[in-house]
Amino acid sequence: MIELLQNLIMDYTLRTVAMGSGILGIVSGALGSFAVLRKQSLLGDAVSHAALPGIALAFLLTGSKASPVLVVGAALAGWLGTFLILSITRTTRIKNDSALGLILSVFFGFGLVLLTFIQRQPYANKAGLDKFLFGQAAALLESDVLTMLVLGSIVLLLVIIFWKEFKILSFDPDFTASLGFPVQLLDILITSLLVIAIVVGLQTVGVVLMSAMVVAPAAAARQWTDRLGAMVFLSSLFGALAGVGGAVISSMTPRLPTGPTIVLCISALVLFSILLAPNRGLLWRWAAEQRNRRKLQIEAVLSDLYILARQHQGTEHGHPIEVLRTMSIGHGGVDRSLKELKTRGWVEQKADGNWVLTACGMEQAIQISDRGETSA
Amino acid sequence: MRNLIRIILIFALISTGCVLQDQQADSKADFSSRKIWVITTTGMIADAVRNVGGERVEVRALMGPGVDPHLYKASEGDVIRMADADIIFYNGLHLEGKMSEVFEQMQRRVKTAAISSGIARDSLLSPPAFQGNYDPHIWFDVGLWMEGVKNISKNLVALDTASAEIYHRNTAAYLQILSELDAYVHQQAMRVLVEKRVLITAHDAFNYFGRAYGFEVRGLQGISTAAEAGTADIQNLAQYIVERKIPAVFVESSVPPRYIEALQAAVQARGFKVKIGGSLYSDAMGSAGTPEGSYPGMVRYNIDTIVNALIQ
Amino acid sequence: MKNSQTTFAIEVEDMTVAYREKPVLWDVDLLVPGGILQAIIGPNGAGKTTMIKAILGLVKPSAGRVLIYGKPYSQQRQLVAYVPQRGSVDWDFPTNVLDVVMMGRYGTLGWFRRPGKEDHQRAEEALAKVGMADFLKRQISQLSGGQQQRVFLARALVQDAMVYFMDEPFQGVDATTEKAIVSLLKELRAAGKTVLVVHHDLQTVTEYFDWVLLLNVRRIASGPVSEVFTEKNLRLAYGGKVAFLTHHTHQNAGAPTNV
Amino acid sequence: MTSAQFEIQLIAVVVAIACALPGVFLVLRRMAMMSDAISHSILLGIVLAFFLTRDLTSPFLVIAATLSGVLTVSLVELLNRTRLVREDTAIGLIFPVLFSIGVILISRYSGDIHLDTDSVLLGELAFAPFDRFIIFSRDFGPRALYLMGGIMFINIVLIIMFYKELKVATFDAGLAMALGFSPALIHYGLMSMVSITAVGAFDAVGSILVVALMIGPPASVYLLTDRLSLLLILSSLLGAAGSIMGYWVAHLLDASIAGSISSMIGLIFLAVYLFAPDRGLIAIARRRRRQRIEFALEMLLVHLFNHEGLPEAAIECHIANLPEHLYWELQFAQRVIRSGEKGNLLLNREEILFLTSTGRERAQKSILA
């Protein structure tokens, strides 16, 4: 453990990769929260495909495979694609998912046409062009980390400055417009921030990790909180945790690729959150259901005893457990219910083993039956 | 709905039509009055066919300069070029991916030949866990490649027996060049100290080269383009470079240089300086018209680059 | 049409909106004096919601002019509050009741400024007015339909407007909420505010509202309920489908104060 | 046209129809991105099947890819059922996981083999005619044509058989439940159909064209009609037309056929988006303009009618004064007047406007309405 920490600080590669993935996790976690709430979860996937014609055109125009040139091309194409997606969904009845899929495939297809065109050029420096934009998390450089730090800070700062506006825009665009805010401009601003983050992520850590980093931290964070601020914070935290954690795990075993390991880390966090998050989590919900069922079972036994008591005029007469069992067909759990009721002091067991209501239990039973009648 | 059914029926009719039409595909061609129209996949194969066929062949590579099998996207014209070809040469060993399967299937329409099919299987590299799946980068071992050239010659002779003599003569001349090339590479390699004969690149394309010329080959990630490096891989390789005091690592023309740059930075952080020795041609040759645009030129360029960087 | 002496709270001229070849609203004029409760009623697809959205500039009209207290709407935004339909937002959004209500203050706050203590206090007051004081910190997905509606109303209240536009506030709410909304409407009227409500329940029109606009793509009639809410006009708006409803409205028209 | 060129177009058309049919339902059910998600997650199936068979050309790889498509769909549905995340989020969560597991497996155990989706599964339309279906050394035509023809046929048959159920389940899941069809069963059936069609088509024409053909034509047609039957037929036709046009563009440019067809699908969408008779951008803009003039004309007629024969008419009805009285720009006023003259509703006598008898009627009608 200590060795690991020492590694994390001292080892250049691990430190760079962990810091880079961590920063990326923070930024995409924050922006991803808005993306998920605004139904743009799959934008990462779409932008990474839509970037291809941008890369190809940037290469055709400049003849350079240098990554800043390709990044600009990719960002412009990604942004144009995103803008088209927004305007298609705004001006037609076509839904977001279809617009995403359409733009993604058409842009990528056009990119292929350009690639076959580039292929026929006689010069050799085009080799691997379509892979050149896409990074791998393990190959992060210090300069990448610096870029991400600067861009990430600007993006986060803008999110803080426009917090109130982004929040109300995500919740209720119509109302936002009625207050006089320029909804379209805000929409373009927040989407552009997301596109920038995605393109930076693409060229440093690759497509699939980036797609996952937009969606997964936000989806996990959403389960733990009901406040937007907390969600954005948690999402960034989860993103950073997965980034650093994935980097560390992949540094412990050879041939364990960093990017996919980070994806598995963040996905494990999602699974954990979906199962265990208080209030929303599946296990939590299941436990609540169980508690509810127990309560109903107990109440059923109590009212059965009450009915018996009324039939036999009084609480002195004991009733064997078999009678209760036959009465409660369909809900069961009679033995456990009686035990629970006994500890509460609402029933008691007579010397002959039969059960009766106590005075206190009688009161409770009357209350329950009253409740039942008014609600019916 | 009824319209759709009608459409299917029409298509069914048309497709039976093309079954009948395709029956006359493999009539024997007469080459006495024209050149043989050859299509190859990679530039390396095209270079070999040009040398073997000489004046008798018209060669076109589907993958031009700088186009490696991973980048290659077929264009519409390739269909006609392939359909019109008299013979298609391809590497095989799954270098061309799904295309290899197509070439195997194409036999009825056009004669196809895998260069690698003439090479004895036991001289091929295969990962121990997956026997029978071979490393396809055979052109990096000139000796092995010569077997491939012989295979090209054999196929051309079979196709155009009338000119057999020309092919035999050309082949002998080309093999002579190649064996000199092989000797040159060996000789160059000897100039590097034995403990420094380590070739480090981003992806594992140079295994045949290493085996043939006594280099230890280390790559960051495997052959598969879907594979990715892990943090540990970079750390281990950096550690290895420091321990062995390897002076240089190499980028490849078709792999983003950032992977090797990350490795270089990791080595530097360990207090050792490794330089980037240059860019090697791996899956594709250089621009047409330059020395690296031919197979011998490319091999020469690669070995010179490697040796110059490692020799210090 | 022009040169009206008194300034109306809402003046809509020639409002025309077309989504497709068929217009959704055709040449609708509407004059609403200050300090009244006005309902917009009409059959499904009559353009009631579109009318409100067009007035607020949320849909682009083909033609039309809107004045709020004599000036174009764009200059009078601060005087206007809007209660959208409950179903128009995602109630699983991670936020709580107080937050949503405070969004009503964002317009007055303008860019960048965050809501402060005063905004907080006003939000609490508004929530108390709609009977939701105990739900400040409640996550909005845990509210019933009626409670959601009351939160939206509270959000409009903190806007401190002169003119309120409400889109179907009575849609699918419980009896308690309905009562709360009605008393709130009356309170607003008493404070001199004007409220324009898209409404679908013909039986309660006479009871809740002062003026009514009967709409079916075109304006059928508009004016005080007692003059306009007649069987003839309803037939014009709804076609023959209101036979049993008119029966009720007659009864109600006879006893407008009955609660 | 050589027979290879003809066969490519034929295969493209068959694939277009086979994809458009389930694509309509994907678009209507807002699951369009499922097709792209499947194209990523099939890697896992391919890798696992390769580990079992150790053969890159084994047909089991395709079967496993199909299964991982179905797995993707099921996991997304499972995640949706929890209602803790939305549909698009669920898709965005599932496919990276499956893909990442695939990448890790390759990197750890088989990095020395050319194992990736591109080289194993994704086909290339240009080569499809060379991959023949041969029995007893008799050539029956391209294999892809039979595979995709079969899938297309099954899709058509299934859609015809369950047309009513699909229609109800797509437009009103609640009603479907009440009528006794299980929406879940229909959903899984449909999604298996998507998965099988997608993987089969990946094998024949590559992934990106499949996504384009599944989403593009239905999305375009969705701007033209509401009727499910028309959606299905027109999407098939549009996909087929786009394929043939795209092919010839590829021929002219000597470019990637799949890329060219995808671009053509995009252009078709753009054309529909701009020129659709009812929902197109241009139709909307023109309608707006026309309505504005129509409406203004009506206003002008009423204005003239109100002042007709009165002493101030010479002033009120003078063209130069219209801008002031009706808040119009002079240019706009002149356009309105021209439209009125054309409709024989008013007359312009020395810059003063008069109503014709039809114009008077129209004005009266407007006032009454």
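In this document, chain identifiers A, B, C and D correspond to the written order of the chains, with residue numbering beginning at 1 in each.
Criterion: contacts are C-beta pairs under 8 Å (C-beta built on N, C-alpha and C of every residue); 3 or more make two chains touch, one makes a residue touch a chain.
Here the structure is a predicted model, which means the values were calculated and not measured.
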Return the chains common to the contact lists of chain A and chain C. D
Name the chain whose C-alpha centroid is most distant from the C-alpha centroid of chain D. B
Would you mind pulling out the distance in Å between where the CA atoms of chain A average out and where those of chain B do? 45
With chain centres taken as the means of their Cα atoms, state the distance from chain B to chain D in Å. 41
Indicate the whole-number Å distance between the mean C-alpha point of chain C and the mean C-alpha point of chain D. 37
CA centroids of chain A and chain D: separation to the nearest Å works out as 29
Show the residues in chain A shared as contacts by 2 or more other chains, in ascending order. 112, 115-116, 120, 222, 255-257, 259-261
Residues of chain D that contact two or more other chains, please. 103, 107, 111, 250, 253-256, 259-260, 279
Where does chain B touch two or more other chains at once, residue-wise? 70, 73-75, 225, 227-230
Got a list of which chains touch which? A-B, A-C, A-D, B-D, C-D
State the interface residues of chain D toward chain C in the complex, per the touch definition above. 278-279, 287-288, 291-292, 295-296, 298-299, 327, 369
What does chain D use to touch chain B in their complex? 2-8, 10, 13-14, 17, 43, 54-57, 102-103, 106-107, 109-127, 129-132, 134, 139-141, 143, 145, 149, 152-153, 156, 160, 163, 229, 232-233, 236, 247, 250-251, 253-257, 259-260
Touching residues on chain D, where the partner in the complex is chain A: 26-27, 30-33, 35-36, 40, 79, 82, 84-86, 88-89, 91-93, 95-97, 99-101, 103-104, 107-108, 111, 208-209, 211-212, 214-216, 218-219, 222-223, 250, 253-256, 258-263, 265-266, 269, 273, 279, 281, 284
Contacts from chain C onto chain A in the complex sit at residues 53, 56-58, 77, 80, 82, 84, 88-90, 93-96, 99-100, 103, 106-107, 109, 111-115, 139, 141, 155
Residue ranges of chain C touching chain D (in the complex, touch as defined): 14, 16, 18, 20-21, 23, 27, 60, 62-63, 65, 218
